[in-house]
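Heads up, there are several structures right after this.
One chain, subunit A, links the two complexes that follow: it is found with subunit B in the first and with subunit C in the second.
Showing the complex of A and B:
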């Protein structure tokens, strides 16, 4: 066990944990989207889990830092919040929130993060970016909603490592980066409808087709 | 010690044999060295070579043509160096030798023993008859280590490298302890030339200390910066120096595999290095039991497909492993866990290329060049509005002013200097007040630019700094791997805002958003691409703030560059009665005849291409540009019949 201090509170945690896990296990929330315990190397792409750690001159991501005895962590310094808000607004500039159509349980994770760091769920003062992407992309037995996706890659990792299927991957670059579905047609490389990716997605960007029918219906009645 | 002196003897014997071989081959016959690097080929070196061959055949001469790499004088390509020993003259360098000139020079010098003075750039050695090239500021002020033999030796013939003591450093290294090699490199203070300037000796020591049954050395020749071509040129001009450096590194850290990661868009460099590896193997400098020692090294080439981000070491490793080139969080650093999980030492082409000289001449010699914290030289490819663009190697600590004005001849076309962008797309734009900044890792970082990999773009008064920042952000934004939030989305917002400002749609608040967002992207990004991408924005706002304000507040582009913010008009005082030069040049027929058979521009049709300005005869110079566009006088177009 190692002893660390978070926001003035003394905690005892297991060794080998990341600061993020240690905090979450002790009921201290740190915004995060891309962390996955099963991932041997942190993806560290969402850039929301910043904390301030004594001895570092700038905020660092909690999902990439391991606990050590005597670590002094602060989760809510102005610098930490500034970075988190900035990252969150960037994400929201690609994620038009349409709560009525979104199947996530409310308040969704993004709403909770917004509340925690004290911002609205709009991207202001940034403008919304319209990438001209389709509302949904057919992934065989699933639908993918590119404008909801936050590119946390949890689905990709889950499909590959848990199910040993390399069906999901990243495609394109820069702002157009998306998750894509790829199958060579081999039996071992066909979606088994396990829905693990659906379950792991934090923002309901992957939906089984059955659920999606409702989504389309809702959209029509809405319009 | 028996084996040790054997290595030395073996090398000495080989070198002596090769020197004799080369002397016998030359045997008083004139040699014509012609630059055949990518830059020279673009300037027509293939035709020049053909013309020389034809001329030699036509005159029935005997002469040997030897391809060489790049001398660095890209503005004067193709270059030839003619050595005609029996005349008693030193080797002579001729510049801008097109096919016609080549024929004349061959005829005049080889046939009639008259060295054709009018085409001479200079002699390659000191002498009493022909002014040597060293009297040029370019040759005189440069200090060459890595580029010493570039453009002088045949990159396709390992014997020329060996005759110039090539691979002697490897032979010496193999008779020494690996730790001693690392000590020497560490003492020399050599810092990585791939961008960040990490101490090479320290990296090697970390690599050596790793416990692993296998280690890998990677040479980073991805060179993705637009406009940068140092690494390509070095490979095309002296590939064996690089291979020697790689082999010394592998020996020092205990690696048995080396991979050269080179972009597939460099076909000539790929071919050159492939051939060099084959030759080095054949001569026993690579492969099994090098020079009879216990040390073996397998060198492979991996061709990257040209994504900028794949130059980042962790993305590069992903790419070799067959994955999407996405940077990974560090630690672990490649030196701890890299390619296929093995300790991996990644260094830049230039970094490796310094190593043979450091081993041969010693750490103290290297320390004595450059500055205390940035020893050695800096290699830049200088492009943009300078008179003499090209590849330059100068001692660290040389000022930007010396580099731009003395070595590169200053600004072309009688314009004035405005800015210099250093460090590639993620470097900074510096204004005139920084011209006396010494070039070294720390000074450049301090003023917001960076050494980067050595790209330098010089800009004159006609460049709009907002537009320049927009150009670089367009590049980084497209090249972002798409992984992390700040880089993927943040750079796109920076681009959109800059774009809006150049179109006259910017608000004063936008400047604050640019600054805040730039700061966050720099702090929050996962890898070096995002961490440096905002540099052009940050520095151009800092050093050219007035220009931004003019765009957002007055909707004016002071450099008269941003199309939405300018207008073209014809000054009736200057326009010549009855001259029609501009009329036909206009692609949209916006030019009409007004009072006194003079011309005017219909602003509602004009697309601001500037063709009329080019077409207007110099003596009238009647087409003018103004910003904001409202300043253009309005001349009514007569109703069309």
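Showing the complex of A and C:
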């Protein structure tokens, strides 16, 4: 066991955990989107899990740091919050929130993060960016909603860990990056409809086709 | 509400895929079956066929023991690769800094609307394809379009119309709908 201090609270945690896991296990919420325990290396791409650790001159991502004895962690310093807020606002500038039509359980993870770091769910003061992407992309057995996707890559990793030959990938680059489905048609590359990617998505950017029909009905009633 | 398929491969004819797949083994044979061969192979295929067809991507994945999605992800990352066969007339719109400031996006939009396709695509009749490029090196003429390797400076929407008028006449002559004096 390892003893660490988080926000003045003394915690005892298992060894080999990341600071992020240790905090989450002890009921201390640190915003995070891209972390998955099954990943051999943390992706560290969402830039939301910043914490300040004594001995470091700048905040670091909690998912990349392992716990060790005597670690003193603060999760809510002004520097940490400033970094989290800018990362969050950048995400929201690509994620038009339409809570009524969004099938996530409310409050969704993004809403909880917004509340936790004390900002609104809108991108203000940043602008909303329209990438000109389609509302839905047909992935065969799924629909992908590019404007909801936060590019956390959880689905890609999950698909990769289940199928030797992953079916999901990032396509394109920069601001146009999106998740794509491409199968070579080979027997080892057939989507088995396991829906693991759907379940792991934090923002309901992947929908099984049956859920899509419900969505269309919901849209009708709201229209 | 717009539902779109994956954005590659539509409009490619079966006989084209057939022709590509017949020549592919020879090209693939030039390379070792290592992951590091991926980009050189894709470049070689594009050199040979002018674009990467879905069939070609699958064949590369099979050859290198990768999944189709990995090859697809790498190929879409680079602007160099195209996924649609080029049209008879290749239209490139400059989106460099100077052209951007001078309204290059309006020119691009003009071409897109006129042809009913998006950048990176080819019209179904294979007459025209649109591409956006970063800078063609003549910023003083911004906004610039490069049509069939001919640079057109100070681009305006009215010039777009003129260009197509010219191309349509050429096409009709080619198809024998208009007799020239020589014939």
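In the analysis below, the second predicted complex is superposed on the first by the 219 of 223 C-alpha atoms of A that agree within 3 Å, B and C clash if a C-alpha of one lies under 4 Å from a C-alpha of the other, contacts with A are read in each partner's own complex, and residues count from 1 in each chain.
Keep in mind that, in the parts below, contacts are C-beta pairs under 8 Å (C-beta built on N, C-alpha and C of every residue); 3 or more make two chains touch, one makes a residue touch a chain.
The structure presented is a predicted model; accordingly, all values stated were derived computationally and were not measured.
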{"item": "Partner chain in contact with A:40 - subunit B first, subunit C second, else both or neither", "value": "neither"}
{"item": "Which superposed partner A:184 touches (first subunit B, second subunit C, both, neither)", "value": "second"}
{"item": "Dominant toucher of subunit A (residue count), subunit B or subunit C", "value": "B"}
{"item": "Touching partner for A:8 - first (subunit B), second (subunit C), both, neither", "value": "neither"}
{"item": "Touched partner set for A:173, first subunit B, second subunit C, both or neither", "value": "both"}
{"item": "Partner chain in contact with A:82 - subunit B first, subunit C second, else both or neither", "value": "first"}
{"item": "Touching partner for A:59 - first (subunit B), second (subunit C), both, neither", "value": "first"}
{"item": "Contacts of A:165 with subunit B and subunit C, given as first, second, both or neither", "value": "second"}
{"item": "Partner chain(s) touched by A:27 [first = subunit B, second = subunit C, both, neither]", "value": "neither"}
{"item": "Subunit A positions touched by subunit B in one structure and by subunit C in the second", "value": "169-170, 172-173"}
{"item": "Subunit C to subunit A touching residues, read off their complex", "value": "1-6, 57-58, 61-62, 66-73, 76-78"}
{"item": "Touching residues on subunit B, where the partner in the complex is subunit A", "value": "307, 324, 326, 328-329, 477-486, 488-493, 496, 509, 513, 516-517, 520, 523-526"}
{"item": "Contact set on subunit A toward subunit C in their complex", "value": "134-139, 143, 163, 165-173, 180-186, 189, 219"}
{"item": "List of subunit A residues in touch with subunit B within their complex", "value": "41-48, 50, 58-59, 61, 64, 82-83, 86-87, 90-91, 93-94, 125-127, 129, 150-151, 169-170, 172-177"}
